[in-house]
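By written order: A, B and C. Residues from 1 in each chain.
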Amino acid sequence: MKMTNPFKVFSLSIVWSWLFLFALLPFGLILVASFMQHDSTQIFISRFTLENYQQINNSVYFHIFEKSFWVAGVATFFCLMLGYPFAYLIARMHGAMKNFLLLLVIIPFWTSSLIRSYALIAMIKAKGILNTLLLGLGLIHEPLQLLFTNTAVIIGLVYNLLPFMILPIMTNVERLDIRLIDAARDLGANRFTTFKRVIIPLTMPGIIAGSILVFLPAMTIFYIPDILGGAKSILLGNLIQNQFLVAQNWPLGAAVSVVLTLVLITLILVYIRTTHGTKNREWI
Amino acid sequence: MVKNVVELRGVYKSIHDHDVLHDINLVVREGELLTLLGPSGCGKTTLLRLISGFEEPTKGLISIDGKSVSGLPPHKRQIHTVFQSYALFPHLTVFENVAFGLRCQKVPSAEIKTRVADVIKMVKLEKYLERKPSQLSGGQQQRVAIARAAVNRPRVLLLDEPLSSLDYRLRQTMQIELKQLQRTLGITFIFVTHDQEEALSMSDRIVVMQDGCIEQIGTPRQVYEEPQNLKVAKFVGEANIFAGEILAVNGNNQVMVNILGKERPAKISRPFQAGEKVHVLIRPEDVRVWGQPEVEDSKQMFPGVVEEVIYKGTTVDLMVRLNNQTVIAATEFFDEDDDRLEYKMGEKVWVNWTPGWEVILPHEND
Amino acid sequence: MTLKNLPAVTYLTLIYLFFYIPIIILIAYSFNNTQYSLLWHGLTWNWYSELFSDADLWIAAWHSLVLSLAAATIATMIGMLAAVSLYRYRFMGRQLLNGLVFILILSPEIVTGASLLLLFALTGLHLGFLSLLLAHISFCIPFVIVTAYSRLVSFDKNIFEAAKDLGATDSLIFRRIILPLLWPALFAGWLLSFTLSLDDVIISYFVAGPEFEILPLRIFFYGALRGKT
C-alpha cells in the first residue's frame, strides 16, 4: 500500500551510500586491521592476531594513555573554570552587543590554529613575553621553563578548545528559564545557594556537552603536543600518527584507534544517561 | 434526496495494539455541518484523519460519494483539512498560500487568479492578499487556512478544533462566521471540537463520541433534550441524575416513577416495565426552586436546604441539598426585580419540576 | 546584566585578551626585523614580501581555497538531504543514522583520518586532490546535518501535511517549502564546513599526497623546519 516516493528514495540512497562508504566501511576496516599482523615489508599480513592489543596492554602504552587522560582532564577542567562564567555572562546579554561579543570569540579561530599555536610559543618561551612580563613585575626571579612541558601543552589545548566549552554552555544558559531563579530567590535562597542548587543542575547538560567536546579532542589532537610539547611529549594523538605514518605499523595504530573509539562510546553513553529524559538530547 | 457524501461502515482503528476506534458507523449528508464532539482522547481527531486519508482504518470501509477510498492518499480524495494550528506556509503571501493547491494541480494562472479572488472575497480578506501569515491576526490566519482549503472545491472540508486557540470573544464571533461561511460555500463541513456549547450552536448534526465509540448521533436538540445514555447526558450540558424505579406503566408513554421517595408522573421515549430500575435526568435549568412562604401544595415537591448560591450575571446557580442528602443543581434566570430570587445560604426551599421535562434512561452502573 | 557590573566586565575583558594576545603578537612579529630573536629590531616589510613571493605558498593557499569551496558545497548538499530525510521520514536504520551522526561529530579526527587512509590504501586510491576532497566532505557532512536539523525541528510539522493534502509531491515540498525556509541554516552549515575544511590539519595530514599541497599542512611543515612563521 505504500507509494514509491522518488524523492525519498533518491535522498536516502545518497545518504546511505555516503554513510556506508565513508563512515561505516572505514571504521570496519580499522577494526579488522587492528587484528592483523605486519612486518617490515608489508603493511598487512592477513593473519589474525591479538598481539596489537597485547602490545597496548604493556606499561609503556598504558602510560601514554594515562598521560593523555591526565593532560586532557586538566585542560578540560581549566576550560570549564574559565569558560563557564564567560558563557554565562554572554548568554544573559541581549541584542547587538551579544552578537558582537560572540563574533569576537569566533574571529580568532578564523586564523589557522597552527599559527596561533606558534604564537603561543612566542609567548611562553624562556625569552618570551610572559616571562619578560613576570620578571619585569618582580613576580618571579628566574624565567619559567614552560615550553616543551606538559604545562605548555595544556595551555595550548585550553587556548584552542575554550570556544568548544563556551558554546554549548551558552546555548544551555540561554534556554534557562529566568523565572526559576526568581522562584528560588523568592523562596529565600541566597545567590550562592541558587547557583549551587538551581543553576548548576539545570546547566549540567551544557557542562557535560562542553566537557566532552573539549576532552575528546584534547586527547587526540597531535599537532599541539607536537609543537608545544616537543619530542618528549607523546600523547595518544601522536602515538596514532606515529604508528601510521612513521613507524608504518598500521595494525598497531588501528588497535589504538579502536581503544580510543571505545573510550569515546563510553563517554557518549555516560552523556546520554545523564541527560536521560530530556527531549533536547539530540544535538544540543 | 439528500446525498450521502461520506460513509463509514464498521470502521475500527488500532494504534500499537490499542483500540482507538470501535465499530464506527456514520453517514455524512451533503451540505451539512457535522460536528464530532467528545472529550480529549475519544478518537475524534483519529476519525478525522481516517476520513482525510492521513491514516488508514484497521478494519471497515470508508467511502466518498459512494466509492471506496481505501488506500487513496489524501490529495487524491476530494477532501481538504484545515489544521488546528492553521499550518500556513510562513514564507508565502496570503495569495500564494491560497493558490498553493491550485498550483499543484497545474491550474492555469488566469484561472488561479479569479478563483483565489473569489474565495478571498468570501472570507473578507481582500486587503490582505500580499501579506505574510506572521502579519495576520489569529482569526485572519484561520480564514486564510479555510480559503486555502476551500478554493480547491473539495467535497468535504475537515476542521480540526479550529477555534480552540482563539480567545472567548473571538471564538463566539467566529462560530457565527464559520456557520455563515459554510452556507455560502455550500461545502459539507466536518468539525471536531471538545466544546459542547460550540457544537450545539453551530452544527446541523452532532456525533457524540467517547472512548472510541459513537454514543449518539442527532441534531443539537435531540442530543441535548433526548440523550440516549448517561455518557451523552453528562457530557452535553449539565445534568442532575437520580436513581429511580418504574412503578406503573400507563398508556401514551406515561409512567409513574419513584424518585427520591416520591411518586411522580414522567414521560418515556422507550419501552420500560414496572419494577425496572432507571436513572432520571433533569437539567438544572428545568428545576424550579420555591421559597417556603410561596408554596401551598407541597405534596409533589422535594424539600431541601440551599447550600451554595452562585451568581453568574444572567443566571443564578443554586446547589440545594435535599432531605435525603442528594444535591440538586438549579439554574434560574436572574431578574433583579424579582425578590423571590434572593436566596440565602441555609434557607429552606422546595424543589420541583414540570412532569415531562425529565428524561428517563435505563439504569446503568457507573 | 549591565556594563556597570565591574567584575563581570573585567572578567570578560581578560578572557578576550587571552584570545587575542597571541594574534596581536603574531601580527606584531610579522613586522619584526629579525628572524629568531624576540626583541624588537625594527619595522620591516621583509617577511611579507617574502611571503608574497613564495610561489609555493600561494599555490598551496589556492589549493586550500578550491578544496574547501568544493568540499563545503558538496557536503552541504548531501547534509541537507540527510537532515531532511531524518526529519521527515521513518525509514529502516533511522536510529542508526541518528547515532552515527552524533558519533561522527565527536569522533577524534585522528581516528577518522586513519580510517580514511586505510580505506584509500585498500582501494588503491591515489592520495591527492580526490582523497582530500572525499575526506573533507565526509567530516563536514555531520556538521551540516546538525545545523540544518535543528532549524527543521522549529517548523510547524503540520505544514507538510497541509501541503500533501493540497496535492504537493515530496519533491515539490522540498523545493517550494523546505528549501526557502531552510536556507539560512544551510548557509550557516556551509560556512561552518568551509571554515573547518580550511583549517583542517589532522585529517588532511593523513590523506594528503605530495602533489596537491594545502595551506595548513604547508604551514605545519614550514613551521617545523623554521621554528617560527
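One rule holds in what follows: a contact is a pair of C-beta atoms (placed from the backbone, for glycine too) under 8 Å apart; a residue touches a chain by one contact, two chains touch by 3 or more.
Since the structure is predicted, the reported quantities are computational estimates derived from the model, not experimental observations.
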{"item": "Reference subunit A; chain at largest CA-centroid distance", "value": "B"}
{"item": "A-C or B-C - the one linked by more C-beta pairs in contact", "value": "A-C"}
{"item": "Inter-centroid spacing, subunit B versus subunit A (mean Cα positions, whole Å)", "value": "59"}
{"item": "Where subunit B and subunit C are represented by their mean Cα positions, the distance between them in whole Å", "value": "58"}
{"item": "Distance between the centres, which are taken as Cα means, of subunit C and subunit A, whole angstrom", "value": "16"}
{"item": "Multi-partner residues of subunit B (at least 2 other chains)", "value": "73"}
{"item": "Sequence positions of subunit C contacting 2 or more other chains", "value": "169"}
{"item": "Complex contacts: residues of subunit B adjacent to subunit C", "value": "52, 54, 73-75, 80-81, 83-85, 87-91, 100-101, 104-105, 148-149, 152"}
{"item": "Sites on subunit C touched by subunit B in the complex", "value": "156, 158-159, 161-169, 172, 177, 180-181"}
{"item": "Subunit A to subunit C touching residues, read off their complex", "value": "5-8, 10-12, 14-16, 18-19, 21-27, 29-30, 33, 43, 82, 85-86, 89-90, 92-93, 101, 104-105, 108-116, 118-123, 125, 127-129, 159, 162, 212-213, 216-217, 219-223, 227, 236-237, 240-241, 244-245, 250, 253-254, 257, 260-261, 264-265, 268, 282-283"}
{"item": "Contacting residues of subunit C [partner subunit A, same complex]", "value": "1, 8, 11-12, 15-16, 18-23, 25-26, 29, 37-38, 78, 81-82, 84-85, 88-89, 91, 93, 97-98, 100-112, 114-119, 121-122, 134, 137-138, 141, 146, 149-150, 169-171, 174, 195, 199, 201-202, 205-206, 215-216, 219-220, 223, 228-229"}
